[in-house]
Every structure is written in C-alpha cells, then in structure tokens.
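Scrolling down, you'll hit the structures one after another.
First subunit A sits with subunit B, and in the next complex the same chain sits with subunit C.
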Partner chain A sequence: DGYVQYERVGADVTMKCGSMDWDAAVIWTVNGTDINESRLNGSYLVLKNVDLAQSGQYACYEGSSWHLKYQTSLRVGTPPREPVLMCRSNNYPKGFYCSWHLPTPTFIPNIFNISVIHGTKEMVCEKDAVPKNRCHITYLQVFSTVKYKVTLTVTNALGKNFTTLTFDEFAIVKPDPPESVVAKPVPNNPRRLEVSWQNPSSWPDPESFPLKFFLRYRPLILDQWQHVELSDGTSHTITDAYAGKEYIIQVAAKDNDIGTWSDWSVAVHATPWTEEPKHLTTEAQITETTSASTSSFMAPPTTKICDKGAVVGSGAVAVCWTAGLAMATYSVLFI
Partner chain B sequence: SPAGDSWGIFTFLCAALCNLPALPALNCSEELGAGQSIQQTYDLTRYLEHQLRTLAGTYLNYLGPPFNEPDFNPPRLARAERVPSATVDLDLWKGLTDNARLAANYRAYSRLLCYLRVLDGQVGMAELRHRLAHFCASLQGLVLSIGGVMSSLGYPLPASPAGPPAGPPDAPPAPNDFLKKMDDFWLLKELQTWLWRSAKDFNRLKKKVPPAVVTLRLEARGF
Partner chain C sequence: MAGADSPSAALRRRDLCARGIRLVGKMRSDVVDLLDAYVEQQGLDASASVAAVEGVPLAAVERWDEQTGTQRLLENLAAYRAFRALLAQMLEEQREQLGEADAALGRALAAVLLQVSAFAYHLEELLRLESRGPPSEEEEDGPPPQPQGLFEQKLRGLGVLRELAQWAVRSARDLRQLAKPGPGASSAPSSAESP
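Right after this comes the complex of A and B.
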C-alpha cells in the first residue's frame, strides 16, 4: 500500500495481481467497487485507452480467500507541456521576480525548478511563499550589460519540459499600476475634475527613479478615451469634461527612461460639479432651467407619479392628463 | 520676486569682494543655474540613447551574425574590460558624491568617444561612417555638457585620456577579425548601458540642484 502508479491519458495499462499466476482466480476492485470480469485477461486487469476518470484506488483479492494480494493508486495524467514563464522588475532597481504556470493541467503532481544565470554567475531565485510559482532575485549590481538567462524546468512522473527567457536588466522594468487613484469634482467648476494618485508602493525609490504617468478618461456614455501624459507630479486637473456626465478615469505608470508601461490602475468614477437644481413647480421655470444648461445631452426626465408639485417635462403632463381622463371614465362606469 | 533679493545680495557680495584690496582681482559673472545645464545634459543623454538604437542596429547588421542576433549573449572576455563599465554596486552608486557621479560620467564618455572614433575610422561602409561621425559629434557635445555642469558646480574636470585622439590609450589590436567584432559589440553595449545609467545619474543630480539656483562664478585673474 502507498504505491502510486502514474500513466498517460490514452495509454493501455495492464495490472498484475502481485505474484499471483496468470490463471489464478482473482477479483479486482476500483475504489471498493468490483470490476467486471470482461476487463480481465486471466488475473491481469487490462485498462485500454485510460482516461482521467479511471484514476483511483485499485485492489486485487484472491478469489476464494479474499486476501488482498495487491493494491495501487492509479493516477492518469499527461507529461507537462512547455511552461509559461514571465519575469518582471516592478521594484527597480532592487531586483525582479519571475512567475510561471503550465498552459494545461497535467492532473498529477509537478515539480518546478528555476535557474538564473547572469554572465558566468548562477544566482539564487528565492521562492515566494505566496503566491506559489513565483520567485524573486535581488540585484547585486545595477546597470549591467550582461543579460540574465532564466530557465524553468517542470518535471512530473510522465515527462519533462522547460522554457528559457533571456533579457537585459532594463528590458523587464514594468512598475505596478498607480495606487489610491482619487477623482473629485471641483466646486463651482462644471467642466473640471481633479485627479490624484500615488506611486505604486512596490516602487522603492521614486526620488532617484522617478515615474511618469499616463492618464486616460472618458464619459461613461462614450467609447473614445482621452489621454494625457504627465512627466511628473501625481495629480492632474481635467478641464474639458462634459458638464454633468459621469466619467471613468484610469492612470498608468512607467519609469521615466526605461522599460514599459504598467497595467491600468483600478478605474475611478467621478462627475463634475453641477449647480444645485432649483425646486420646480411651474412650466415656466422648467424652460428656464433647460435653456441654461451647457451640456449637449439632456438627462432623461424622471417620470414621477402624478404629484401636484412635481411635474417635470411635457411627457409627464400627458400621463397625468391621460390618467385623469381614465379615472374619470372609470368613475362614470360606477355611477 | 524672491530672485530679485538674491540678485541684490550677490551684486553686493560681488562689489564687496572685488573691492577688497587683500584679495586678487576677481571677475564676477552671474550664470544661470547648474540646474538648467543638468536638465540639458539629461535631455542629451536621452537623445543619444534614441540615436544609438538605430545606429547600433545598423552597425551590428554590418558586423553580421551572430552579432546582430537578438539572443546573442556572449561571455565577457578579459579584453572587454578596457571599455569603462556602467555596472556598479547599487549602494555604492547611491552613495556617490555629485563630483564623483559627474566625474564617472565624464571619464566614461571621453573614453567611449575615443574608441568610437577609432571604430569610425575603420568602417568600410560610407553611409555607416557618416552616421558614426554624426553620433560622435553628439557624444562630444555630451562630454562638453557634462564638463560644463562640473565647472558651474566648481568641480575640477578629470584629466583627459592620454594619447592622440586617433587612438585609445591602451589598446592592443585585436588578434583576429572575430575578436575585433566582439570588441565593437561590447563597445556599443557599454555605450547603451551608460546612456541608460546617465539618465538616472542626472535625475539624481536634478533633485539636488534645483533649476532656479543662481550661481556666482568667480574667476581668479592671473592665477
């Protein structure tokens, strides 16, 4: 017991009942359930073209005495495909991390081994506890002309595979997205939005290694983004927002000189400041408000229940009128 | 404006110092801050870095395979150590004084310029020679710019590399064609790395010397 047998998906598996002769009378079980005699070739269990569902605990018992003669845990799986490896420096100039995964599961345990070679030196990539499948390297020297060569090998009981990445120190620099992005309306400014953010906390030295930023924004109702690139500072005021429209805003970061842009930050929503709407009771006041509005889009009128003081727009008036007529007709029926 | 008050103080000091009989005659001239020239030097390194990308691509193609292969990752031979390396221990780099930082850049580019000029002299292709010459001129501009920053901050310029401009100081010729090409490969690699490093060096310097500083430059006459 405790014996594990690994087999490839699609393989033909023949299990012998321990030391029993071929012509001995035996009973095979899988996970405690008897296996049909048709699967047997004498006392051998034959499984053709195995699939994942056939993984399980197999046992063989002598026919008459029910003595356990053999058992094994069958695990059906596949040899590993070429792993996917990614290395990135989000904490330049401290070092970089590499993370990996298999493109398709193998369904059996895999062991990953990573090696980092810098010129003639082998460096140790320290495995991270969380997340798994990740390790990090601390630079001993910076501004290196020699490339880093990272090789990831994955091994399991059915096979082995590997992949290699070779890169310059500068090529893998990619910061994390900016943090704490906040967008606020500006009082008394219907076309402005004030956006501020912070350097990603993983970037260790923004003084010597300043970041530049890319801001994108659009009203929710449009698909086209507007872009602003900012070479310093962690805030920006949008001055061309459509009045009264809700905006979606995102920021990305990049080292000023090297590497690539970060992913977009978490999106924030904000609507520019609008004047407090006056309480409306007459049609005359309605026309006044609509002509004073500077936006090119009209907010859809809110259809309220026919309330004496809350009529907005001519549509609601018609509803009121129709409702009144209907009620009048209805009441007539009851006279 | 606040600058006006400083200007007043400087003029007073200038006048006072110039009138002291005990001191040698001083020539006072106001110079727009070292901060401005640091920014210009920074911009120049970025410009050169972009230029080098195209130039290196063309030159490596001229050298042919394996030098123009993107994965080409040869071991560094001992002879490549002659080219000044930008590689440095991180803490050491952070701890460099302004003077040391500038001097390292000045020395590196002076030597790289020397080597690059030799390269230019040996290239067979006219168009490539023309591009190299243009790049050398820009690189010379960078060296002068760094020198300018050092002077405006009052630092002495490092001694120029010895030997005629046509030849680098201590260069045994490559024993064969392949090794010669290796030399060229590493030269370009080091130049590229230095330009990336300089951007960071000058960023650090920018923070320390704000652009609004007005510096007083004193020249001793007859000394």
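Right after this comes the complex of A and C.
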C-alpha cells in the first residue's frame, strides 16, 4: 500500500522504486499516466523544484512484468505561516469565542491547537462544529482584572507556527449588530423617518447589561453620514431628512460601559413621506362646499390657481378672477 | 416598616437601584479619568500588570448570575467600605507630596472618595430595605499596613483604582439585577439568611 509523502514547494524530490536496484528497468506513472524517462535517474524518479501541480498519486512498476513495486501520494505544500487569531465576547457575561485562520493556504492538512490561560488556570476552549476554526469558552468568573492569554499553534507535516493573544475581559466585549432594523416614513411629515431595531439575539441579558446604540443615516445621493448616539431605547425619529430623498440607515450597538462597538447592521432604505400631487379642483374649492362644484371644474394643467390672499402679478390675478368666475358659474348650474 | 416584598418597598428598591446605578456610572467615569491622571502623574506604565494587592477587594466573581440580591448587596458594601479606607489612605499619602499637579490629583481622589462613601451609604439603605440591615463596620478588617517604598505605594494605588473601576462596572449590573421585577431578584436563599 502507498502512503502520503509531504514535500515543500520548491523542493527537489527523489523517489525510489521500492526495493528495485538503481539500474532496474521500471515505469513510473503519475495519476495513471506514464512519466517521461527524462525524469528518471536510473530507476529513481527525480522531481526538481516541485510545485503544487505535481501533487498526485505516483506509482512504480517493474518494466517487464508490470508488477507494482511502489506507490505514494505526493502532496506538495508549505509550512504554516503565523496564524491570525481573534477573540471576542458577543454574549457577555456568558463567555467568549476565538476564531482563527491562516493568512495563506498550505495546501496540506493542518492541525490547530488552542490553549487559554487565565492567570494560572488553564481553561478548555470547546471547538465548534461550525464554523470549523472556532472554539468557545464559558466564563468561570466575570469582572476579573486578570488577563487572558490565548495561544494558537498550527502544525502540519512541513512545519509549525503559533501566535499569542493577551487581553482583558472587558476589552473583547463586542456585541453583534442590532437586528430587525426598520425605517418608515412618518405620515404628513416630509422630513421625518421613524427607525426602530432590536437588541442582537446573541446578547443574553440586555436588562442587566444594557446596550447603547449609534445610528447613521444619509441620503443616497450624498456621501456624508449623519450620526446620532442613543443611550437607551431601540427607536429614534430622524427629523432633518431631505424631503423626497431616499435614505440609507444603519445602527450599531455597544455595551453601556465596556468593550467596543458592533459592526454596522444591515442597511435599510426609506424615503420620507411626500404629499400626493393633487388635482387643481381641490385647491380651487375655497368658499364653495358643494361637492358638485369640486368635481365639475377642471382647470387646464398650465393654469395657475392662486392661493387665497396671495399677492401675485397682474396676469395671475386675472387668472384667479377668471377661475373664480367660472367656479361660481358652474356652482350655480349644479345647485 | 414595610416588608421587604411590599409594593412600596419594591418601589423604594427600584428607586434606590436607579439612583445607585446613576451614581456608580458617574463614579466609574471619574475613576477612569483619575486612573489616566494617576498613571501619568506617577510615571507608571498603563499596561503594567499589578499583582493582587493585599486588602483590595476583587471584583471578580464566580457564578455571578446565580447570586441572590442580598449576597450582591453584602459583597458590594464590604468592597466599598474597603475602598473608602484605601482611598483615604491614598489621599493621605498624596497630601504628603508637594506640587500643583499633585494637588489636582488629590482633589480628584477626594471626589472619588466622596462618591465611594455615598455609594456605600446607598448600599446600606438597600440592605435596610431587605430587612437585613448592614453589618457593623467593626466586622470589616482595617486597611493593610503601609507599603515601605514610594514605588510600592504607587503600584498599590494603581491596583486600588483599577479594581475600583472594575467594581463600578459590576455594581451597576448588580443593581440592575436587584431592580428586576419578580421573585429572586432580591430575596435571600431559602436555606440561609432567613431571620
């Protein structure tokens, strides 16, 4: 049976055909395809400066009988670079989690080991099934000033590396973003938007560990955000929106006293209430209350109906008088 | 006097808790500012680890969410009484030092000491409401003997202020737990402490 052979990218690899002599006649294959004899040194297969593409199943056969003499799975890869480690408490005071990844892939299997020390006490970080590179710890005590030290070691067949993170309990507190952000126009208020949201569901006790919020909003047509910090409550009314402009709105959360702000929530869009364009007859109904006069008079679109008491130029005044006279005439017809 | 669970007692408790939360929030903010000033003034490294200082009550607690209201109040009261003595001692040590900058630090220390005293009184009121009454102060240990050198003094001061800042965070949460409506928020456990 073959076995797995790990080699570094750029290495020179020589494979012997099992116990065959150097001068034996042999045939090498990779993934079932014959390898050119130019790659052979006697019965040895020589691969210079291997690259990732040369990973595969290698086999060696005795020349005349085609008996399989040797096989191996060559895996070309790299030793691990220093891993990237992050620890965070999004469910304070219950516990925290750490997650990690490699900055560049190794192309071969890696094993990660994590150790967590609090003062002199070693704690167990339970690995999560999903996502894979993550583990969680339940706090044994809270409000401690003793630092945590987390060391992550990554090992593969070609080498080893590690990284260490040291932090205070409070420093890693970072809630998840607020959920269910909703923004609605306010009827009859062209400059207002009502925004509401909920505490992140992962935050276990918002009563004892209240969150404060940061709201940001801007019209889509501008790049500059407006910001509002809110020390309590899960709603806010924007009162300075530009009329008729679509807005983008996001909310972030933070524990009242400790830790850092969450990422921004999913963005929501909303446009403030705008007045429906009205037919001119409704505006012309200044003194008459008969419904018939309202429905019968339809001024052409270009005709301007002046407001009651408005001071306008002579042409427009003439239009007003004409409209008024026409309305009076129609009203008389329908009474 | 109304029973611990009467509606008026519950209202009074909530009122005291709300005021206590505001008081301790302001205290924490002042302690954080004082810490920054203290570190700078004393020429210390802000990230220096300070071993647990003898006589400084640790805010760290196991099974915090399982504590009864009375346990919370007693632990808080013991802590703030200890901090009252420790800060008074620090203030005395500061007054022995001369200089304008030190005087400002002394004033900031005095202000925090006042808030600590006020909060301790607040906790005593809450305990009276629990029909338990605060323990007499004679039961508490006095502050530890003074450290020998100036550097040890400074490190001890750093430890005191750091732990006080931690307590301020804990105390606000303790009072919020206490203020929660419903059974268990403040009642003593059935196995112990019943009169």
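Operating definition for what follows: the second predicted complex is superposed on the first by the 277 of 335 C-alpha atoms of A that agree within 3 Å, B and C clash if a C-alpha of one lies under 4 Å from a C-alpha of the other, contacts with A are read in each partner's own complex, and residues count from 1 in each chain.
Just so we're on the same page, contacts are C-beta pairs under 8 Å (C-beta built on N, C-alpha and C of every residue); 3 or more make two chains touch, one makes a residue touch a chain.
Predicted model, so just to flag it, every value in this text is computed and none were measured.
Novice: Mind checking subunit B and subunit C on superposed subunit A, clash or fit?
Specialist: Aligned on subunit A, subunit C clashes with subunit B.
Novice: If you stack the two complexes on chain A, which partner ends up touching A:Pro93: first (subunit B), second (subunit C), both, or neither?
Specialist: In the superposed model, A:Pro93 contacts both subunit B and subunit C.
Novice: Of the partners subunit B and subunit C, which touch A:Thr120 in the superposed model: first, second, both, neither?
Specialist: first
Novice: Looking at the overlay, does A:Phe209 come into contact with subunit B only (first), subunit C only (second), both, or neither?
Specialist: A:Phe209 contacts both subunit B and subunit C.
Novice: Could you say whether A:Val142 touches subunit B, subunit C, both of them, or neither, answering first, second, both or neither?
Specialist: A:Val142: touches subunit B and subunit C.
Novice: For A:Asp232, is the partner it touches subunit B (first), subunit C (second), both, or none of the two (neither)?
Specialist: Touch partners of A:Asp232: none, neither subunit B nor subunit C.
Novice: Residue by residue on subunit A, keep only those touching subunit B in one complex and subunit C in the other, then list them.
Specialist: Dual-contact residues (subunit A): 93, 140-147, 170, 207-210, 256-258.
Novice: For a test of understanding, state which residues of subunit A touch subunit B in their complex under the given definition.
Specialist: Touching subunit B: residues 93, 119-120, 139-147, 149, 166, 170, 207-210, 256-258 of subunit A.
Novice: Once bound in the complex, which stretches of subunit B touch subunit A?
Specialist: Listed in rising order, the residues of subunit B that touch subunit A are 46, 49, 71, 73, 75-76, 85-90, 93-94, 186, 189-190, 192-194, 196-197, 199-200, 203-204, 207.
Novice: Spell out the residues on subunit C that touch subunit A in their complex, using ranges where they run on.
Specialist: 25, 28, 49, 58-62, 64-65, 162-163, 166-167, 169-170, 172-173, 176-177, 180
Novice: Help me check something: in the complex, which residues belonging to subunit A touch subunit C?
Specialist: 93, 140-147, 170, 205, 207-210, 256-258
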